[in-house]
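Right, one structure below, let's go through it.
To keep things simple, chains are lettered A, B, C and D as they appear, and every chain counts its residues starting from 1.
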Amino acid sequence: MENFDMFVSILGSTIRLSIPLIFTALAGLFSERAGIFDIGLEGKMLAGAFAAACVAYLTGSAWAGLAGGIAVSIAFSLIHGFASITNRGNQIISGVALNFVAAGLTAVLGQAWFNQGGRTPQLPFDARFTPITLPGVEFMRNVPILGPLYTDVISGNNALTYLAFAAVPLSWWVLYRTRFGLRLRAVGENPGAVDTAGISVAWLRYRAVIVAGFLCGFSGAYLAIAQSAAFIRDMSAGKGYIALAALIFAKWKPVPVLFACLLFGFLDAMSNFMQGKSVPGIGEVPVQIFQALPYVLTCILLAGFIGVANAPKAGGVPYVKER
Amino acid sequence: MSTASIPLPNWITYGLLPLINLLLAFLISGLVVWIIGENPWEALVLMLQGALGRGEGIGFTLYYATNFIFTGLSVAVAYHAGLFNIGSEGQAYVGGLGAALVALALDHYCPWYVTMPFAIIGAALFGAAWALIPAWLQAKRGSHVVITTIMFNFIGSALMVYLLVHVLIVPGKMAPETRMFLEGGQLPKLDWLMALFGLKLGPAPFNVSFLIALVMCALVWVLIWRTKLGYEMRTLGISRTAASYAGISYVKIVMITMLISGGLAGMMALNVVMGSSQRLQVEFVGGAGFVGIAVSLMGRSHPLGIIVAGILFGILYQGGAELSFDMPNITRDMIVVIQGLVILFAGALEFMFRPALVRLYQKLS
Amino acid sequence: ADIKPALVYGTGGKFDKSFNEAAFHGAEKFEKETGIKFRDFEPTSDTQGEQAIRNFASKGFSPVVAVSFAWSSAMEKVAGEFPDTKFVIVDSVVDKPNVRSVVFKEEEGSYLVGLLAGMASKSGKVSFVGGMDIPLIRKFECGYEQGARAANPKIEVLQNMVGTTGAAWNDPVRGGELAKNQIDQGSDVIYAAAGASGMGVLQTAADSKKFSIGVDSNQNHLHPGSVLTSMVKRVDLAVYNAYSDAKNGKFTPGLQTLGVKDDGVAAAMDDNNKALITPEMKAAVEKAKAEMIAGTLKVHDYMSDNSCPK
Amino acid sequence: MVQAPAIELIGIDKKFGPVHANKNINLTVAKGSIHGIIGENGAGKSTLMSILYGFYQADSGEIKISGTPTHIKDSQAAISAGIGMVHQHFMLVDNFTVLENVILGAEGGMLMAKGTAAARLSLKQLETDYGLDVDPDAVVEELPVGRQQRVEILKALYRGADILILDEPTGVLTPAEADHLFRILGVLRDQGKTVILITHKLREIMAITDTVSVMRRGEIVATRRTNNTTVEELAELMVGRRVLLQVDKQPASPRDVLLSVRNLTVMDSRGVIMVDNVSFEVRAGEILGIAGVAGNGQSELLEAIAGIRKPVSGDIFIEGKRVTGYDPAHLRKLGLGHIPEDRHHMGLVLPFEESLNSILGYHRDSRYGKGVFLDPKAIRQGAEADIAKYDIRPPNPRLKTANFSGGNQQKIVVAREIERDPKLLIIGQPTRGVDIGAIEFIHRRIIETRDAGKALLLVSVELDEIRALSDRILVMFAGKVVGEKTADADEQTLGLMMAGIAA
């Protein structure tokens, strides 16, 4: 039974650590399927986290914080759009630039406004997304196997966690079952086809990056006002890049994105759990192995050893009609 | 009517346009300074004084510039072959291992000038090695080098932490770093060079690596514009089909270019590891690899431009450090903001002002 | 004589509500009492400390206090370059004629909070979240374990470290996640010795209605009712003493070790945790303290042999 | 009352940077007719049609549809005005199904479900009406080009187009497919639709159109009723003077075999077999021409011989030496010159200055620098010699290559390859998009090279060019050599062979 408790605990931890990855990877999905590469996921998440913490602190409301995070994250998206859609700049350079701006600006403003070394003040209980207990927990508690899974893994998460899991099928539905999704997928493959169909390529791509900003706002808010109770400088700590890796690992498809994020979240959880414990026959596994594994796996995938990851064809290329 | 294809004279493309981009970046940074309630003008003056006011400040400025010249060259060389190497950061980090191993092995026995050539080779070799797999993945497997080099930055960081924490750490010490190198593993400072200009270097770690960086600039210039290999790199960088038509091997050029690029990034470690801290520390690169992107973009991938842009960023880093001393409200992170804005304006938004300039130029000429 | 005092923090940042903040309070107290302004700097990476220390020294600041073991190599170098400047390093030993090294007997303070944890725990499991995995933090853990075992010989002590580099002091998310894991495994009192990462530990304990124990500064006020106590380490005292000694011409280089006897470490008791500490617990702490001062209770120091007795 | 014309274009003008693509165009197309537009490459045909379709914006001018002035601000506006267009380069999303491609932009609501159901029905209807059958669930990239073109036509018809523009629709089609297309166009006209057909194949114009306009250098130079004009008149109008593609040449005197290709099979990048078990020989002192409709494997054949594409099986010999799988650099050393089909993507590096392009592929030669170094002076001198000999204008070796006109760019390539004195020269589309003066010059140089005793292999989709230059002609169809003829073979026979119909 000891082992089962352990399993439940790792599962719970995996979910908590996967949520920001899911939101961010889905954000990348919308942007990249529309042909706009997004290295700037990290920056958007960070900026979103900062804004969410600031607004939640000032208003005392988690939902207002979320809205603030979304707004700022969308603003970053719009800059990315302005550079790469309107001005046909290099999308990778733009993304890199925005990551720097976000990392610097959040620290500078955080320090200037709150004077706590780039941190925002600790948030009170109400200003955060706090665990929700689902109905029936008391009843389920004593059911074997399913009980602990329900009470400790499924129940007791915050609203954003449930939203993240809802966002996956929703994204799938939007991409494959709506007009917007059809056009979005088309514009990432052949913008000329979209243009000659009488649809504005620029506006469509702008909408895609706005959706990306919207979703990054959720992941930022999750970091700052759900998982923690304040913004800390550099709190995204490379999660944006892991999400990017997950997106590639999932070959730019929504449902595989969920599993890739859970896998990478699981690795992160394992690095916590395996700390100081020795594996029979191997000995103590350094945490660095777990930290590097998502990147190593993604490189192996990219090398074509686990199927091929075909990026959207028009990805990274600005749409130029008249040379 | 589109104006993209109308040619502009070089002094506009390579002088005025980057200048406008830079000014805009500074303007917005000034705005941020103003928003947080400080006087942007005063901040600028403090920054320039800190970076250029005394010999020591200049020494620090050039010390930072040395880092950025190496990483800028690294990014630029790859760029000429059409590769966007975002991995200079990781390559420099791993390059530090090469430099440190040489220094640790030889510092007991050799004077610095014997250690140095081996350290250069060690740093370059390790940096190149860290570019090898992304290069191979790009060349043979078509995996985008941007993504793989990002991944390798993280993998490199995990590797280096592991080595420093478990292998290279001095037993009994707490900080994950190697022992201090003895004199034979330290690169001498350039006091004499400063003295030529009547300046006192003081404790600034401005060292021989700067001269190595300048030599590398010259070598890179020769490589790109005066050798057959450079010609092949540039051809490939512009048109892969033309390169294959001309019998230029894609695999070979991608591999060689990335190895050179990684080697140049690796050499950056000489400056920090052997020139300044005299030991290998965790995260010693401190973002210099990413600054290389900005430097290369600003310098239009030309060694001369890279020297100018490298010094400019050196001023930013040193001046920024001084500024954060004197105006604690403005933290060093302000430099990161400026850096991001420079990359944004000089890189991603490089075409924003071009049409207007073309119109103006046509009207005036 | 008037002095120009300076202070260089560790990478957790000035307002980590813990170690660095304690240093800041010491300097602030000195400034308030004497009117002598001090200057400080917050390095954000392991490589920035050296430049900051050197910068202060070259601008004529003295004494220059650097808190954190991370600056020991840096101080060793800079102290050699500026033999006339007075330096102080906290949490590490630098053997130079112009450097005062201040270290604490964290094992003693940790023993006291461990004793409280052992008595407060209902599950028979308590735990520890450390910042960076270094001998110094193991020393906290070891003292804690000894204290807990003194209260309850059958107690189980879980432990985790946030990371292996300086970044570990500033990662509350991982701190919280580790705490959550420990709670899942049954721990009901968690001691955080992790700089700013500890904030995540305390938060998680409060969210999960468990006890936590703060570190360095008195953190009892952060989550009243959940923070059982704090292992205060008087970094403030070290900083304050350095400045006032220098001002009064009494600055001495060399090693200073502060323990329970010197009021250098203690378990914080105040209004915020009054309701959580029973008279028995209080009595037990007082007894242990008295024994430590008397020398009859020796707490094993992990760093003396890099091991912890089980 | 006279019915208003379907389309009136009045004073349309368009510039792309320095290129004046359309100059003050006036054009009227009657309802229910098929109107042809012909012109050389780069004459401005596609540009004009793209303006009508709202893909580009005219700098000035007016458009009337059925007599009503209509501002066509984007393709959406064109579609609602009843215009549909099949582009020269298909505008399809490769990894979408036919159905998805058809409904893109005309989904009929926020959700796809209703739209797809409706489209499925309507595709059935179109199939029965016009004989345009395509599997709606097939993925486009898996369809042959002829089918892909049908998808494009279906897209237009599904949107209810009354005016259908087809931009060079037959370039990629076999004659049988082209005939089928023309039948469909006939049906469309009979149902009252208006068709504009762009091509530069005069025979097609004569066969199917009611009226025809000729474009040259951005202008419409004439409009004729098809049954009032002749092929000769149209050709003359097209190029601005009497075309005499006769080149003076002596009969060949072939000597040793220089190039020998045996059972060569080559795949394209998608893995489709494009060259299928082809064998032939080329001797010193002769030009072997390869005729065929574009896309029948000629490009892949040239690339395989040039070492750019690895053959799947078979062998290539140069002077009896087996060179299969050699890379282009090695082949050049053995005396192979190659004028590629596509000068912009292969033959030239457009941002380079001219002198650097004059050594492309020969840059490792010791003439251009010792050891690993390049000698800029030697390079420039070589370039200046080429410029003088080939009258390349402007005569400035430091000018960016992109700033030379198409004809002069082609001369840069031709000069480089011929002047490096190859034993064997393989040539693809030597005069595509080149003006008539340059064509004559290039043709003369090709003949001179033959007379100097070199072996030449020439690929061109222009039958006239093949006939004018070659000593022997091979015809390729569907990757196979379907026959060999002498230079005096008549056009009719060659045309049928190119269609894969007879030998």
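Here is the rule we use: a residue touches a chain if its C-beta (ideal position, glycine included) is under 8 Å from a C-beta of that chain, and two chains touch if they have at least 3 such contacts.
The shown structure was predicted, so the numbers you read here are calculated from the model rather than taken from an experiment.
Least step count on the touch graph, chain A to chain C: 1. Chain centres here are means of the Cα atoms, and by that rule the chain farthest away from chain A is D.
Comparing chain pairs B-C and A-B, the larger number of C-beta contacts belongs to A-B.
Inter-chain spacing, taken between the CA centroids of chain B and chain C, is 38 Å. With centres set at the average Cα position, the gap from chain A to chain B is 30 Å. Averaged Cα coordinates give chain B a centre that lies 46 Å from the centre of chain D. Separating the CA-averaged centres of chain C and chain D is a span of 77 Å.
Under the contact definition stated at the top, the residues of chain D that touch 2 or more other chains are 16-17. Residues of chain A found to touch two or more other chains are 107, 118, 233, 288, 322-323. Within chain C, contacts with two or more other chains are made by residues 42, 44, 164.
By the document's touch criterion, interfaces exist between A-B, A-C, A-D, B-C, B-D. Of all residues in chain B, those touching chain C in their complex are 56, 60, 161, 165, 172-177, 180, 202-203, 272, 277-279, 281-284, 286, 321-322, 324-325, 328, 331-333. Considering their complex, residues 39-42, 44-48, 50-51, 54-55, 58, 69-70, 72-73, 76-78, 81, 92, 133-136, 164-166, 306 of chain C touch chain B. Taken together, the chain A residues at the contact with chain D in this complex read 177-183, 185-186, 189-190, 192-200, 313, 321-323. Residues of chain D touching chain A in their complex: 16-17, 53-56, 74-79, 85, 87, 89, 91-96, 100-101, 103-107, 109-113, 115, 155. For chain A in complex with chain B, the touching residues are 39, 79, 82-84, 87-94, 96-105, 107-109, 111-113, 118, 233, 238, 241, 244-245, 248, 286, 288-289, 291-292, 295-296, 298-299, 302-304, 311, 322-323.
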